[in-house]
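Each of the next two complexes has subunit A plus one other chain: subunit B in the first, subunit C in the second.
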Partner chain A sequence: MYNVSFPRMGDYDVPAKFLLTHVLNVNVISPPKITERTVELGTKYSPEFICTPFKYTLGTMIECLNKGAEILIQQGGGCRYGYYSELQEKILKDLNYEFKMVNLVTEGKLRIKRINRCFKKINPKYSKIKAIYYTFITIKMIKYMDKIDEYIRENIGFEIKQGSFENIKEEMLIKFGKVRSYHELKVLYRNYLNRIRKVKIYKPDDRLKVGIIGELYTVMEPYSNYFLEKELAKNGIEIKRFTNVDYLFFKKGKRMRKYLKKNKYVKYSMGADAADNVANTEYLCTHGYDGIIHIKSSFCTPEIGAMSLINKVADKYGKPVLFFTFDTQSSTAGIKTRLEAFYDMLEMRRKI
Partner chain B sequence: MKECYLGVDIGSISTKGVIIDERNDIICKSYIWTEGNPVKAVRKLINILKKELPENCIIKGIGTTGSARKLIGLMLGANAIKNEITAHAVGTLSFHKDVKTILEIGGQDSKVILIRNGIITDFAMNTLCAAGTGSFLSSQAKRLGVSVNDFGSYALKSNSPVKIAARCTVFAESDLVHKAQVGYSKEDIIAGLCKSVVLNYLNNVCKGKRIQSPIVFQGGVSKNEGVVKYFKEILNEDIYVDDNGHLMGAIGIAILSRKNKNGKSYSLDINDIKFETKGFECTLCPNNCEIVRIIKDGKKIDSFGSKCGRY
Partner chain C sequence: MDKVGIARGLFYYYYGDIWKKFFDELNVEYEISPRTNRQIMDMGLKKANDEMCLSLKTYLGHICYLKDRCTYLLVPRICNYNSSNQTCTNFWAIYDIVNNLFDKKVLTYNIDLDKKETLKKGLFRIGTTLGKSKLDIKKAYIKAMKHYYDNRKKLIDDNYKRLNSKKIKILIVSHPYNTYDDMIGGNIVKYLKSNDIEVIFSDRFDTFKNSGVKLSKDLYFKYSKESLGGIVKSYDKIDGIIFVSSFPCAPDSLVNELVIRKIKKPCINIIIDESEAFTALETRLESFIDMIRRNAYV
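And then the complex of A and B:
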């Protein structure tokens, strides 16, 4: 039995672990939560001007290898993300780690045949029927998680007892990881949805609403955006965020094809989520949101291209946009000052 | 008894304090260097203000802003602790009701605030780089052997400013050394520096922002006539520089503290209060957060800096 591990992003290690354990019959080492040490390790061995998610994932990989992982799983995407796997493998091999790197995605596309081949390498006897069944459960699990997350994001700023949402969510994630059948998952989901809806909140009518858009890893991994959502919630702001795994895999494609046809800002895909973020900006501007926060990691090229368009769209609707670029060395004081000022500005605009 | 309000703006380089009355008129003001020790600087500042304050005045509110606002806010027991962007906008609006753009270049940061119809509609702050801020100018002044206060008059003497690559502080410095060694006059180099600050600011901070007049230019760097001249030249607009431009943050926060007043009176006797901060590194998890503890008279009053919320 191999020890398998993968980089971390948000809470998605729970469904990933679930899928790999059941399908491949391997021992999954859960990637540890990102800490200062992870970032230090990642920064030390990464090229200086690589985008920041590379540093975070490399750091996690080193930590996993130190814990005894023998196989690492990495994906790729439509920007520099596509080269992560090869580069990271090279860097780690140069550091004298013995392991196998499995890249599930090449050329920005997820192909079932290729995944089949990859899985066969890890466990030649794995059952395809089982794989289909557990993939289905995993997809559902991700959908449920994202739905619950969305509800929490909208309401966490207004909870009466601090931390009540987070406690329920943490408990839910542990239970989700131990699920055995689809039926069980569904029951659990309904159960937790009910509980989370019953959490007492006080939501004033004139609350501020802010949309968060940006580069996918920085948006989804709270450590890499310096817990921006938590900071906003503390100020009693309702948060809307499009990007989550469910959206990226199942909704984005269709929505983008529709948007590219009828809008006047983007005519073709700009790589990664750039065009998507322009679409989201337009949505947020026209659906009563007070402001937009755009976050990206340093050196994220697609988002740099999107920024000028986002400015243009927001300018047309007269909505303010706050741009953040996060590096591994950002100072929290600066982020807090800007957020505070942004919040004050939204309040002032509201009063008129 | 006349009610008045104290505003303190603790920046990276300088500490500013004003006391205003109900009608926003300045009763007394002070401007001193922070010298890396905000607590000491504020003590000195308060002592200066106390001497100037007429006897019939009573402090009804204290506000703090600037990078050390939290610490000093706790020390003074302030009733308004706000970021410098809001403070500057509020302060400026009380003097120039029709302002549309505020350019502000301080010691460590530079920002642009857009105002339409009396409210902030957009702002930007320098993000990754400190090139083109006050501290850059003062360090270059030292290199050239010129006092920062004379920088502006030197710049005005030049007719042909040299071009300096000011995208990055480090590169700008090496370019400057090169230009000096080629033999350019000091005036031309200083003028070039002032111009590069303006260009850098407009290209970095104001990117994508629509700058409309009336424009007010503030912050420590606004005292530099050279920078003002090049702003006028490049923007082709009239730039308004207030005599109290460097105090706007302090005035703004004093106004905010008035709006936030709670009926309490404050005393300015802080000399006897023992006030210290202790920093330590928490080693309970690999995050190794730097925790700052604030101790007043031997009692812990607040601590911040932890990621998990333990402290």
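And then the complex of A and C:
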């Protein structure tokens, strides 16, 4: 039995671990939470002007290897994310680690054939029927997690007892990791949804509403945006966010095809989530949100292209946009100041 | 009369020959922006987003220069030549960026072989927008392609010839829009030539599909793939390699790092930003050349 590990993004290590243990029959080492140490390790061995997710994932990989992982799994995306794994493998091999690297997605496309080949490398005798069944459960699990997340995101700023949402969510994630069948998962989901709806909140009518858009890794991994959502919630702001795994896999494609046909700003896909973010900006502007926060990691090429378009769209509807570029420095004071100023500005606009 | 503006940046260095011949044959007037100078670059810097790559900034500068001088701007969008030959995402977005930043009619075509959009289709569409008959366009297209391949062959032969010279040979690995641009790679080439060194260009090799596969197995960026092919083809004959990239270039940041870790020839990685001072670069190049010369004697 191999020790398998993978880089972390948000809370999605729970479904990933669930899928890998059941399908491949391997021992999964869950990736540790990202800390300052992780970022330091990653930055030390990364090339100079690489985008920040590279550094985070490399740091996590080193920590996983130190814990005894023998196989590392890397995913890919629609930009240069798909090419990370080859360089990361070389860097880690130069550091004298011994392991196998498996890259599930390259060229920005999810191909079942390739995933099959990769899985066979790890466990030649894995059962395909089992794989289909557990993939189905994993997809459902991700959907449920995202739904609950969405509810929490909208309400966490207004909870009366601090931390009540987070406690329930943490408990839920542990329970989800131990699920055995689809039925069990469904019962658990309903249970927790009820509990989460019963949490007491106080929502004033004149609350500020802000949409968060941006590059997918930075949006979904809370450490890499310095817990921006928490910071906003503390100020009592309702948050809307589109990007989550469920959206990226199942909803984005259809929505984008529709949007590209009828809008005035974008004609072609601009790589990764760029065109999608322009669409989101237009949605947020027309649906009564007070402001937009765009976050990305430094040197994210597709988003840089999209920024000028987002500016144009927001200008047309007269909505303010705050651009954040996150790199690996650890001080949060600057971010807090800018957020406070943005928040004050939104309130002033309201009064006028 | 309609006038088409062609910006001397990014795509021009790949497809310029085709465009020029194509418009010549169709009797369409066109204007090509001058070689990059400080003025053009400054216009680009003002218009562009801070974090865009230097090549894209200069490209926008060229567009700024052209926007009042012609009726159409020619800005293609190049996405992929099948899914394992993709381009940088800036190339995907450039049409939309120009279209939104500038209030100007844009002639465009889209190369996206995954969705069956080819150069031929694109040029036909451009021809019809300019009001030419299909027969004329077809003739012009055939002539343009022939002209392009002939030119390309000459360049490649020339490159191979230089590879056999007895001087010290240095390979420049970069994208053509960096190598041949005066403000980006031009100074480096000039400096090397003035020091009696044979300069070989990585983009002028007949590298088809998979010659770069020795260096990188999973690479899916078309233009980087071709550069790596150039390295593989000339590896035994060259004395040193210079990697030139414009400041935050997305594919280069990964590919160059990987290649530098894999090759065993002397190499130097030069990253160029918008500052004009050449002195620091000169020092680095000088010491690099000295090192290679010493290697050759020993």
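Observations on the model:
Going forward, the second predicted complex is superposed on the first by the 351 of 352 C-alpha atoms of A that agree within 3 Å, B and C clash if a C-alpha of one lies under 4 Å from a C-alpha of the other, contacts with A are read in each partner's own complex, and residues count from 1 in each chain.
The working rule: a residue touches a chain if its C-beta (ideal position, glycine included) is under 8 Å from a C-beta of that chain, and two chains touch if they have at least 3 such contacts.
Keep in mind the model is a prediction, meaning the values are calculated, not measured.
With both complexes brought onto subunit A, simultaneous placement of subunit B and subunit C is permitted, the two fitting side by side without a clash.
Once chain A of one complex is fitted onto chain A of the other, the partner contacts of A:P47 are limited to subunit C, with no touch recorded for subunit B.
Legend: residue contacts after superposition of the two complexes on their common chain; A:S298 is shown touching both subunit B and subunit C.
Of the two partner chains, subunit C is the only one that A:V266 touches; subunit B does not reach it.
Shared-chain residue A:T325: touches subunit B and subunit C both. Angle at subunit A between subunit B and subunit C, computed from CA centres in the superposed arrangement: 80 degrees, to the nearest 10.
Once the two complexes are overlaid on the shared chain, A:P31 sits clear of subunit B and of subunit C alike.
Of the two partner chains, neither subunit B nor subunit C is touched by A:G77.
Contacts of A:S308 after superposition: both subunit B and subunit C are touched.
In the superposed model, A:R349 lies in contact with subunit B only, and not with subunit C.
Once chain A of one complex is fitted onto chain A of the other, the partner contacts of A:D94 are limited to subunit C, with no touch recorded for subunit B. Between subunit B and subunit C, it is C that contacts the larger number of residues in subunit A. Of all Cα pairs linking subunit B with subunit C in the superposition, the shortest spans 6 Å.
For the contact definition in use here, the residues of subunit A common to its subunit B contact set and its subunit C contact set are 298, 307-308, 325. Residues of subunit B touching subunit A in their complex: 67, 82-86, 109, 117, 119-125, 127-128, 208, 210, 285-289, 307. The touching residues of subunit C, counted against subunit A in their complex, run 49, 51-53, 77, 79, 83-84, 86, 88-90, 92-97, 99-101, 110, 216-221, 247-251, 253-258, 261-262, 271. The touching residues of subunit A, when paired with subunit B in their complex, are 35-38, 227, 298, 307-308, 311, 315, 318, 320-321, 323-325, 327, 333-334, 337-338, 340-342, 344-345, 348-349, 351-352. Note for the complex: subunit A touches subunit C at residues 47-51, 79-80, 82-87, 90-91, 94, 103, 106-109, 265-272, 274-275, 298-299, 301-302, 304-309, 312, 325.
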